[in-house]
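Some structures are shown below for you to check.
You will see two complexes here that share chain A, one where it goes with chain B and one where it goes with chain C.
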Partner chain A sequence: MALLRSRIVWIGAAVVLIAALLPFWLSAYLLGILTAAYYFGVFAMAWDLLFGFAGEVNFGPTFLIGLGAYTAAILNSTFGLPIPLCVIAAAFAAVAGGILLAVPALRLRGPYFGLVTLVAVLLLQNFVVIFASVTGGEIGMTVPDVLSIDASVNYWYALAFLVVCAVLLYGLSRSAVGLILQASGQDAVGAAALGFNVTKHKVAAFCVSALFSGTAGAMLIFYMGTASVDTVVDVAIAVQIIIAAVLGGRRTILGAALGAVFLIVANEFLRPLGQLNTFVVAAIALGVILFFPDGLLGYALHRGERE
Partner chain B sequence: MSGAVRLQVSGLGKRFGGVVAVKNMNFELRAGEITGLIGPNGSGKSTVMSLIMGLVRPNSGAVKLDGVDIAGWPAHRIARAGVSIVFQHSRPLQRQTVLENVKLALLPDSLLQLATEATAAQRARAIAERVGLGGVLQRHPWTLPFADLRRMELAKAVARDPKVVLIDEPFAGLTTTEIRVFSDLIRTLRDEGRAVLLVDHSVKSVAALADRVIAMYLGEHIAEGSADEVMQNETVRRVYIGGAIEAVERKGVAAEAAATLLDVDAVEVFYGKANALDRVALRVQQDEFVSIVGLNGAGKTTLFNAISGLVPYRGAIRFAGRDLKSLTAAAIARAGVVHCPETRELFGYMSVRENLDLGGGHLSKAERERQLAWVFDLFPILEQRQTQAARTLSGGEQQMLTLGRALMMQPKLLILDEPTLGLAPVILGQLSKAIERLRQERSLTLLLAEQNVTFALPHSDRVYVLDHGRITWHGDPVRFAQEMSTGYL
Partner chain C sequence: MRAVQILVDGFAISSLYGLAAVGFTLIFGVSGVLNLAHGGIMVVAAIVGWAAAGELGLGTYAGTLIGVAAGLAAAYATYLIVVRPIQRSRAIRPEETEIFVLTGTLLWGIMIQVGMAYLFSDNPITMRPLISGVVNVFGVRTPANEILIAVLAWAVIGLLWLLVNRTRTGKALLGASMNPRAVTLLGYELTQLYLVAWGIYGILAGMAGVLLASFLGVSTTNAGQLTASAFSIVVLGGLGSVSGSLIAAYVVGYLETMTAYLIAPTLRPIPSLILLVLVVYVRPQGLLGRR
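Moving on to the complex of A and B:
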């Protein structure tokens, strides 16, 4: 395990170094795509902490992301708070919303938890549309401040954010708490019999997931300059995040980020296919889920491991 | 040798829907003593264990650990208070090593501890070495043989120095040598002053180890004492063997004359690494009633699941000359092999009538009405309870409904898995009469699995004895009564 871990660290460092140098090669357009993909990667990693480790399928990652994004957007455009304060507030809002959702929802078993999280997204979506005077409604709202107008700087912000989140989440997944969380997710009865309060650990995982999702949501709108239902709340976005995480590899954290980047970049490169492009990407995702249920990274790391 | 009372159970009771699983249980576990809790399958012993551990909440009664009532606490608090459990089936973390799996048990229930303490790793190593896992610390659980997985579960259970250790089926799936090693390990736990509870289905397997044995039947305490006393106890003997064995000689079916309906040929089943069936071969002729007797864990249910296409197997199973291996479970059932599992698998939230109608779903309306009338005639109580949800029925009524639903499918071969499971003697009499009527009124072949020999013998033309996945005896019921009645328990 130690060997595997150090291998991951080295590969990771090399990938980050190459990624950091990309602005010297790529056009501003491609950098823009990668920038969005990196924020998307954080969404997917935060989701994998819940699905891969806590064993709970959260169909509403965009509830947490949307809470963060809209909190930041409203604070910035209505109250004129500076970006760092907005991002911190967004993180708190997402965690508070996450607790409000998770504590009652975790009392339910199996598919009901997933359904509750799905309904939460629809509620948020409706809320945004109904209170259009504050939220901009279906058109979305423009934020006055942006991170930067330079594509390279925006790219480096996103990359740095992704790397920090990846290190924190990956480290957490490999920590003692991560071990307890995995045990709770895979065998809740067994974990309880070993003296672990399974609900407490799952709620904590939900909070951590919300923290990262909300922060990333806020960062994303300060990159794009707008917040809209279609980009940060819609169920379609939630589905994309889920596909990205499963594609990259359940229980790997880093795989989720790879899956997200792959998904967005593939979507972009297949754009010439027109309508067909979404279809091809979906078909690839379906193929991977059917034939490599452990995902791409999961398959690469755990070949030969069979239950 | 035995010390203070560690755990005191009083008036413990638990109901599941209409089924009473545990009724007014009273007993105590002492420090430095190994207690065996035995009872046939369905007697409620596992529920008692789950109630102590807090995996299931009791309806009534108290469980006192060193004087503190822990009944109704969540499992993690009970575990922290000093009770631990060794599950029969382990579900280890597959991506972690053996050492990491043991270390997990040593972690505090805290959200802030990110790194394991250095001492935790040392302690985990010491515990793992003590149970004999020293050589495989860095391996992953999926590469381990079955006995080592059990060792790992034991290591996890004793890691945090519990006062009370509950062990479910301590020797299931182990070889004779492994049983010896495990017995020694369990004795060590006693010598360290822990209270140990072994939960098992037979007296025999815990007799050598237990200082005291408690026997359960139908959720109630029926006997207590040394292993010998309990084995001699009249009630216990009646529960296990079903009283005096009476064989009824049947005119039966001439073995050569009748066609073979079911032919099980050298069937082997593995659960992971445990060999559940070892080259089992048996035949059932047309219109014959055949019993398979054997204690819980012998492999009866596995054999039936293989016949019904529910578990993969090696070897061949032929029904009316047709190889069943290529058929799905549903196709096998439609071909006329109808299985009443011991877990009954009723549709709990549907009414009695809906359960029966589903069984007869493939029949024409007129035929279904006729079949239903016959089932109601066989079990009049079902007719009275037509609109009641199946889960609210009592255990005996649920068994009748299971049988009724199976008969609605007009089976050619009816497979009955432990129909007497957890049922009171008066219900057994009713079931017995119903089975006798089946033989007289319908052309039906029956394959019956039982640990209650007295229930099985009067209904059998032939008997097979299954023990640890092997057929160890085969003959007619009269010979069984002569040869096997001793030494079976």
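Moving on to the complex of A and C:
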């Protein structure tokens, strides 16, 4: 385990180093795609913490992301608050949303809870459209401040954010808290019988996942300069996040980030296929689920263990 | 006057919701599968039926039958290509099968949706009504087609009731939903029963898709919405309970119609979503759920 762990640290450091140097080779267009992919990676990692570890079927990660993104966008465009304050407020709003979701999660199991999260997304989507005077409705709203207008700087912001989130979430998942979460996700009664406070840990998992989702949502809209239902709330985005995490490998945290980057880059390379590119991406993901249910990283790790 | 209008319009849409949701709940009851490709299967039936009736010029009736057959084929494809391999996979742990089936059918549904949009089009399509003309119901001019749809939906639901409660196979299906192991011990092959259940489901979803196409019109982009509405109706009624699903279909159908007529058409889905959340909070097993 210690060996594996140190190997992950080394590989991770090498990957980050190469990624940090990419702006010197890649065009601004490709950097833009990777920037969005990195924020997406944080969404997928935050989802993996809830699903892979706490065992909660969350169909609505975009509820938390959307809350954060719209809080930041409204504070920035209506009240003119500076970006850092907006991001912090977004984190608080998302955590409040996370607690709101955690309440039913403690009472409901599996598909029932999954449906509540789906409904939460649909309600948020409808409310954004109804209160169009504040939120810009279906068209979306423009955010006056942006992180930077330089593609490389934006890219480094996103990469740094991804790395910080990955280190924190991965560390958390390998800590005692992560193990307790995993135990209560697989057998809540058993974990409670061992003397762990399952309720407290689950609520904490929701808060942490919401914190990262909301912050990433706020960062994403300050990168893009707009907030709209299609980019941060729509169920299609939630589906993409779930596909990314399952593709990369559940319960690995880092796999979710890899899956997200792979998914977005694959989408981009398959663009010449036109309409069919979604079809191909979905087919690849289905193939991974059928033949490598542990996901890409999960499969690699298992092979490593067996050798 | 407006009250009668709401009653008549709500009845037709609710019957269709019921028809679609009954199949969904049947599959869950018998094999424990929540099929998120549900909307996709309805869309396949609707579009193939429309293409056969219009583009191939086979007429509305032949088109309807071909559409239902396409729904059946799509349901079997879903089961044989996606659901069964996942259920039988050794690499997937039993407690995780459910989430894999959910994710797998979700992806499959997306593939169906995009594939249909590519082969045909993603514009909304509307089938010609099965019968033309307008009937006066308590002073409200109602298309005869709307009444026929409600009657057809209920006839199919009635047939299903007879099948489940009055035939050997149906009773075996009911048994499989209560206690699969006992049914196996009585000499029934579960694999066969699952095939029967998916066949019934395919016909129900196919009919719902074709009828919806001739009532409101369908486009491939509706697939997700159709799945979500069937899912919420089924959860509202209680997963696995057929009568619960039917009641829930009417509750949702009327709530939506009332909101659309009395408040604003744009708010149509909101009250039923809020009701769903409330019911799930207070009574997690749904209206008539067993557990």
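What we mean here is this: the second predicted complex is superposed on the first by the 301 of 307 C-alpha atoms of A that agree within 3 Å, B and C clash if a C-alpha of one lies under 4 Å from a C-alpha of the other, contacts with A are read in each partner's own complex, and residues count from 1 in each chain.
Everything that follows uses one rule, which is that contacts are C-beta pairs under 8 Å (C-beta built on N, C-alpha and C of every residue); 3 or more make two chains touch, one makes a residue touch a chain.
Keep in mind that this is a model prediction, so the values were computed, not measured.
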| item | value |
| --- | --- |
| Chain C versus chain B on the shared chain A, clash or fit after superposition | clash |
| Chain B versus chain C as contact partner of A:Gln186, first or second or both or neither | both |
| If touched residues of chain A are counted for chain B and for chain C, the larger one | C |
| Partner chain(s) touched by A:Val246 [first = chain B, second = chain C, both, neither] | second |
| Touched partner set for A:Val116, first chain B, second chain C, both or neither | second |
| Chain B versus chain C as contact partner of A:Asn197, first or second or both or neither | first |
| Which superposed partner A:Ser175 touches (first chain B, second chain C, both, neither) | first |
| Contacts of A:Pro104 with chain B and chain C, given as first, second, both or neither | second |
| Which superposed partner A:Leu297 touches (first chain B, second chain C, both, neither) | neither |
| Touched partner set for A:Phe279, first chain B, second chain C, both or neither | second |
| Stretch of chain C penetrating chain B in the combined three-chain arrangement, among 20-28, 164-172 or 218-226 | 164-172 |
| Contact residues common to both interfaces of chain A (with chain B and with chain C) | 186 |
| Chain A partner contacts - residues on chain B that touch it in the complex | 53-55, 74-76, 79-80, 84-85, 87, 90-91, 93-97, 100, 103-105, 107, 109-116, 140, 142, 156, 160 |
| Contacting residues of chain A [partner chain C, same complex] | 51, 57, 104, 107-112, 114-116, 118-120, 122-123, 126, 129-130, 186, 235-236, 239, 242-243, 246, 275-276, 278-279, 282-283, 285-286, 289-290, 292-294 |
| In the complex, chain A residues that touch chain B | 1, 171-172, 175-177, 179-180, 182-183, 186-187, 189-198, 200-201, 204, 251, 302, 305-307 |
| Sites on chain C touched by chain A in the complex | 34, 82, 85-86, 89, 91-92, 95-96, 98-100, 102-104, 106-108, 110-111, 114-115, 117-118, 224, 228, 231-232, 235, 239, 266-267, 269-270, 273-274, 276-277, 280-281, 284 |
